[in-house]
Amino acid sequence: MTDEPDIEWECDRVGYAYTTRGRTIGESDILLHAGQTGDQYALHMDAEIARQSRYGQRIAHGTLTLSIALGLKFDTDQSKGVRISYGYDSVRYRKPVFIGDTISVKVEVTRSQMDEKRPGLRRIVETMDVVNQHGESVLFLEHILVRWV
Amino acid sequence: MTDEPDIEWECDRVGYAYTTRGRTIGESDILLHAGQTGDQYALHMDAEIARQSRYGQRIAHGTLTLSIALGLKFDTDQSKGVRISYGYDSVRYRKPVFIGDTISVKVEVTRSQMDEKRPGLRRIVETMDVVNQHGESVLFLEHILVRWV
Amino acid sequence: MTDEPDIEWECDRVGYAYTTRGRTIGESDILLHAGQTGDQYALHMDAEIARQSRYGQRIAHGTLTLSIALGLKFDTDQSKGVRISYGYDSVRYRKPVFIGDTISVKVEVTRSQMDEKRPGLRRIVETMDVVNQHGESVLFLEHILVRWV
Amino acid sequence: MTDEPDIEWECDRVGYAYTTRGRTIGESDILLHAGQTGDQYALHMDAEIARQSRYGQRIAHGTLTLSIALGLKFDTDQSKGVRISYGYDSVRYRKPVFIGDTISVKVEVTRSQMDEKRPGLRRIVETMDVVNQHGESVLFLEHILVRWV
Amino acid sequence: MTDEPDIEWECDRVGYAYTTRGRTIGESDILLHAGQTGDQYALHMDAEIARQSRYGQRIAHGTLTLSIALGLKFDTDQSKGVRISYGYDSVRYRKPVFIGDTISVKVEVTRSQMDEKRPGLRRIVETMDVVNQHGESVLFLEHILVRWV
Amino acid sequence: MTDEPDIEWECDRVGYAYTTRGRTIGESDILLHAGQTGDQYALHMDAEIARQSRYGQRIAHGTLTLSIALGLKFDTDQSKGVRISYGYDSVRYRKPVFIGDTISVKVEVTRSQMDEKRPGLRRIVETMDVVNQHGESVLFLEHILVRWV
């Protein structure tokens, strides 16, 4: 703990929660992401093989879902440009995301405290639960944000 | 542990290590990723504000670096299509990635064992250290892969 | 009026009219345009919300329709590179454009005269009526072109 | 005028004004927009010809500047999803936008009243002045928004 | 012939053959390729005209199929970065490629010999037969590779 | 030969020649083409390795140059939509194309005759010489077009 005056923002407070807007995943999202990352694995790029797989169709890259989830979160974040991403813990892919699925993110602050080692730095942990249009969780992660007070 | 016959692949073995090919990040990568994710934060999109920031220039989105790092890794992975991403732990952004930087990934298997709860499932953990052209680490993560034996 | 010799081109003459080629709007057009402009409003990006709206489905951004309409017009313009866009008047969105719609533009010169204040400058006004595959007008505008004689 | 109760929002009030965030235009923006619209005119696509033109370099499409300006405006609009674009008047291109320029938009409400013909419809006119990093106006327009009260 | 020691690689040997992975062509592939190349011909861009044509629907650009075929080939090539494309002979478009088609390439080495005029240069010719998901040949070409021994 | 009346168009006549407009190749062209085709070879994607290569910098994919050359050609072709590409012969890559290069195409009809086996089919061969801004030939090919008379 430090003795700097620390104003805890509403969005830093444990229990602060909201759901982001939704975003429908298009085929072109998968093609562009495959192109940018170079991950052209058959389940993303080959409709014939994907049809015969246990998924029955092409699936989105995990990193595409993760990237859009973080984008949705930052687009809603009231502290834009003041708190920054430090990293993520416990990123877990739970269900596939298909072309045409609409995902949104349930965000909730679960920890928020001053960093013991770095005075003046507040560390906030949000759980991010990415859900599809059926309310199923497709991806979960803990998002660590930091803010200088 | 289970008593199923488990063939440990070379790329499953603790200590297995390699470095991926390199990938130069272009301005268009940042613009496309900002567009896809909706994260249009000033440090990515506004060269004037970025010039006055402590970075001195625009920086890549964390999720762009992460996505390309995973893509580079899968493009080199000899087990393509058999082992799948289960998730990530300890994802930590260490340094900014700038337009024109070339990143590659140092991969090393650090854990590999049969899942105690799910017989027949091997769980492999790789550390991924994303480095720029100066050899500096820009992103670190633990990548969890699973494989049915 | 000026006393410079002014050759009135065919495409400058009041009454000159033609219809451009057609262009089918894809889902990827909307996603790319949303990305480039940052306008990620639900009616463009969230198929679930769009389904429940009075449109029943996602709609194209007005600026996407406008941009493609101008592109179609310039791709057909016989004076390419000599006349330039000065601006638009009376831009009116009349009907939504949906994924899969094919738009074309009916162009007609309605005014054409020398600029009274700037000798040597001809000012041409074209009406542009953007229509979909059902012949419905989706966007109307007056396009002001200028040409040095 | 109607006798419906009309709550005039802050952002509907004449005099309400703000400046949007900035957006740096990249070469890839021009290439993508040229591709999407089909307008591949030399001043956008041919660096050699552009170098010899009076601009000295390639310029952005007018519709690209206009589209990004509207996107910047909607990304800042507090009434997102309630007020919609009806059209534009007096769109005037004032100066070229070059690769690397950063544009932002000065928005000001100049008219706001109930529609005389359509009871329950409020019509708001904003002037949008798009400026580059030197504070020069590159594009001006009047943006007409409507809202059901 | 030269008297340099020439190690003939497996992939240089006449008769060496394999089939690449598959790639499903999306509508966005056609739109992006039309944009990049400027070829906005109606059979690629106008679903209404394409519907009335002998194809009954939009078709991919020949150069899109050719580019993806070469990409699929190089992504599988074991000599990546050592052998380079010298050119192609007998490129023949055989059947249209439609949105949703999945193409792969049957590659076979048909000639391989030292260049008589340029000592130290091996010249390899592969036939590339691009096939769709029905096993129909859509494009054939002879791909000439060179390698310094 | 057939006895159908065959109108030889101007653009079918041996000796008919023109040069297309120019097109500057951007870094984003290479990144998008690498993404679409999956060809992420180091000379296109890794500025560090490319710097140390005999080229000294990244180079465009051969198929990107070829695709844009054909697009430039079709954008200028007066017979748009009537003559179609049958294939190419003698495609030869002559010099690398770098980021920032501006290419255009010198087209000349070298053969034009009725197909002996297929009555009513005219076969036209054009040489296409793709040149950069220094007038150097970077790619040569023979383009075979067909037209039903």
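Letters A, B, C, D, E and F mark the chains in the order given here, with residues in each chain numbered from 1 onward.
Basically, contacts are C-beta pairs under 8 Å (C-beta built on N, C-alpha and C of every residue); 3 or more make two chains touch, one makes a residue touch a chain.
On a predicted model such as this, the values are computed, not experimentally measured, just so you know.
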{"item": "Shared chain contacts [subunit C and subunit D, defined touch]", "value": "B, E"}
{"item": "Selected from A-F, C-D or B-F, interface repeating D-E by over half of its contact pairs", "value": "A-F"}
{"item": "Chain pair, A-E or A-B, that carries the greater number of C-beta contacts", "value": "A-B"}
{"item": "Chain centre separation in whole Å, for subunit D relative to subunit A (CA means)", "value": "31"}
{"item": "Subunit C and subunit E, separation of their C-alpha mean positions in angstrom", "value": "38"}
{"item": "Multi-chain contact residues (two or more partners), subunit F", "value": "23, 26-29, 31-32, 36, 38, 40, 42, 75"}
{"item": "Subunit D contact footprint on subunit B (complex, rising order)", "value": "26-28, 31-32, 40, 42, 45-49, 58"}
{"item": "Contact footprint of subunit A on subunit E as seen in their complex", "value": "21-24, 26-29, 75, 100, 102, 133"}
{"item": "Residues of subunit D that touch subunit C when the two form their complex", "value": "23, 29, 32-33, 36-43, 61-64, 66-68, 70-72, 74-75, 80-81, 85-93"}
{"item": "Subunit B-touching residues of subunit C, taken from the complex the two chains share", "value": "31-32, 34-36, 38, 40"}
